[in-house]
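Letters are used for the chains, namely A, B and C, taken in the order the chains are written, and counting of residues starts over at 1 for each.
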Amino acid sequence: MTAPLLKVTDLQKSYGAIRAVAGVSFEVMPGEIFGVIGPNGSGKTTMFNSVLGQITPEAGSIELNGRDITGLNPRQLNQRGVGRTFQTLQVFGKMTVRDNLIVAAQEHHGSMFSRMFAPGDSGLGGKADALIDQFHIKHVAHKKAGELSYGQQKLVDIAMAFMSDPDLVLLDEPCAGVNPSLVGGISSLLKELNGKQKANGKASSFIVIEHNMDFVMDLCHRIMVMVEGQVMAIGTPDEIRANKQVLDAYLGN
Amino acid sequence: MTDFLQLLFSGAATGSIYALAALGFTLLWQASGTINFAQGEFVMLPAFMMLGGMAMGLPLPVAFIATCVVAVFVLGWAFKRGIADPLFKYGMMPIVVATIGLAIAMRNGVRAGYSAEAHPFPYLFGEKLFNIAGVTITSGDVGTLVMALALVLATQGFLQKTVTGRAMQAVAQNTESATVLGINVPRMIFYTFAINALLACAAALLVTPVYLAKFDMGESLGNKAFFAAIIGGFNNSRGALLGGVIVGVAENLAAAYISPAYKDAVALVLFMVVILFKPQGLMGFKEVRKV
Amino acid sequence: MKLITKLGIFAFVVLLLAAPPTLKSYGIYLFTYWLIYVIATMGLNLTVGYAGQKSLGHAAFFGIGAYTVAIMMQAGISFWLALPTAMLGCFVVGLILGFPALRVQAIYLAFATLGFNTAVWLVLRNEEWLTGGTFGINGIARPNFFGLALDDALPYYYFVLVVTVIMAGLLWGLLASPWGKAFKALRDNPIRAESLGINIQAYTLLSFAIGAVYAGVAGALFASLVQFIEPAPFAVHASILMYLMVVVGGPGYFFGPVVGAAVGVLLPEWLRFAQAWYMFVFGSAVVLLMLWLPDGLLSIPERLRAKRLAREASAARAAAAAAVPTQAQQGAQ
């Protein structure tokens, strides 16, 4: 049996009297697209931010490739191969799209000192151009990211997460606020990126929080349903769709 | 011991004047994100306006009222419409530099247009001395402390107990929600600027008799107001009074017990300590950075 | 590059090289003074304009540089040893000043740096045994450049010009390297930057430290220029003026400091004809400038381009609308 890429065990986080995450455990396998769904307030974002080092959990452990990463800060996690996108757009508005992508991976090359003398694009120009082509944003590559439309900025935001070839990418509502005509495009892009082998021969795994059910069911290999800070069910899209408890609590008829 | 109490009392009196300037400064920041680097000059200008009024023959109370009216228009409305509103959406830098330029212009405008010298200013509360249990205090200090305290409490009361005041607080905490609730946000912000102008006039009335009216009186006063606002708590208006009194008392004690040369240093040290260990100020609340 | 830009740069270089010999000694002194502030402002532009920090204490480093050189030269040490010492001292103190920046944000950081400046100024003013207090330090010599005396106004000007070009070149190189993008990322979105593996703590500290070194170099040159220093030019109001120079020139624009320092240093001189009112005019000019160009003077080309694009876009829209037949016309057919 292959070892899981990410193993979360009994994660707990409370805000005062509110138990936002009340003992959540799950595993994500290498190359898997793992969806997380649930009503608002179910603790999805808190769980997400705990894995990403934005919040420190009170109890529980998080292991990446067998090594404990609980409590590491976002920068350390990124250096270990964890990437993320943000629910509210977080691009670098005053830099060009291409520079946004380059800066997204440049800190993985060389040391602080060597970077003082490295070429401006740290040798990442080719990779940035490849992602720009893949995301169909070539026509705006040299504009300032802040000048793009919402949908285009969303694509840049997602592309940035993939520049450093992460083992695990966490996507926080990648379809939020996006024109329905673009949702299919994002889904295909994510499938392409998931299918492509990285330079080191490993495939990357995704964890996706989303409210768009069609998107989630179509994209994900397995889905976890969270309700009131706990895991209600984990299974394939078909299993989840057939799960009576989940239908009652969340999906409806 | 009596010396100490005297210093304490007169320090508190001076500090209460800083509190007035600090309170206005804090309110402006909360309501509109405006950092007013000309706050000291906002006290200096009313002082000269009152002097001008009295030179034209007006008695002090009349000059004061007239100054308040002009100040609300110039330092309140004109400042808001002319500088704060247009620059609001560009972030902190342009407004900081614009108010710096404004301070330079005001300072030198008064210097060139009125006088470069120090002018005496009438004492509002007379110059009597009282002796209570061996401690000597002046009527000026008593009057200043009472009046400043009354003004700060009145402002607090207005903000917390009246409908308009609570609307102003709503605007300060969440402008978008306030708009949705039907609050006239621009008018509420204007009221904040107006209150700042009035507090500055009051501060001028109280501080000028002691330190004389001079074109550069705003510089050190402005600094003290900043320090007081930060020490007390920049996002809590109650903190301004505490911060002002702390700065006033600390200065007095430092000048007497340490050295007059390092008098300014004490407020500074307190300020640095607060900034490093409790940046939101003694009475402020932590501002959370949202992802 | 457009022809007009090339011509402009050429004219500027000619001005820098050929104008001073035609000026009287006060004119040469002004040019030198301006270049020194260009160096100091370049450093602040890095901290504030490229890395997005708040620093209202820059003049403190200017002072540390000036006094380090003055004190060491008085003790008989050569300028060429004093200068690197000043740079190192400023780097270390700059790092230390960066630490509050890790803990406090924006406006609180601005006040913290202001407090730092006041603290340094107080030491300069009160510690007479070290700095001469309010009496300052007199008789600071000009350095020797490989035996070439720089005592006269014109040779010293060219020396300062060379140093300015070198410092500018180093900064250009730094900003063109990955560090430049890291600083801008820190400025535009520190949270995202951190989640991309950028060490925002390190870059924050370095933006303060490197900015401080630039001010220190400027201070060292300043000491030898004016040859008598006292604490006044290193107080908070000087920091505020330097901040003004960065913002007026254009934060985050490489040549912002050139323009900003000109406004801060040369404009008041030019306004002297207004006599007692000249600072009033200066202050008012700054207010008006900020209202007209909140992003600084060097944002003019961008604004013109944006206006042109907006005009073209609305013209295109108007043309497209005119090409569509109206309902009445269609109905009639």
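Note that in this section a residue touches a chain if its C-beta (ideal position, glycine included) is under 8 Å from a C-beta of that chain, and two chains touch if they have at least 3 such contacts.
All values derive from a computational prediction rather than experimental measurement.
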*Moving only to chains each one touches, count the minimum steps from subunit A until you reach subunit C.*
1
*Nearest chain to the global Cα centroid?*
C
_subunit A and subunit C, separation of their C-alpha mean positions in angstrom_ = 40
*Between subunit A and subunit B, what is the gap in Å from one C-alpha centre to the other?*
49
*List the centre-to-centre spacing of subunit B and subunit C in whole Å, with centres computed as mean CA coordinates.*
31
_Two or more partner chains touched - positions in subunit B_ = 291
*asked:* Please output the residue numbers of subunit C that touch at least 2 other chains, ranges allowed.
replied: 191
*Would you pick out the residues of subunit A that each touch at least 2 other chains?*
86
*How about subunit A: which of its residues touch subunit C in the complex?*
52, 73-75, 77-79, 83-84, 86, 90-95, 99, 102-109, 112, 115-120, 122, 160, 164
*If you look only at subunit C, which of its residues touch subunit A in the complex?*
174, 176-182, 184-185, 187-189, 191-200, 202, 252
*Could you pull out which subunit C residues touch subunit B in their complex?*
48, 54, 100, 103-108, 110-112, 114-116, 118-119, 122, 125-126, 191, 236-237, 240, 243-244, 247-248, 251, 275-280, 282-287, 289-291, 294-295
*asked:* For the complex, give me every residue of subunit B touching subunit C.
replied: 29, 35, 37, 82-83, 86-87, 90, 92-98, 100-109, 111-113, 219, 223, 226-227, 230, 234, 261-262, 264-265, 268, 271-272, 275-276, 279, 287, 289, 291
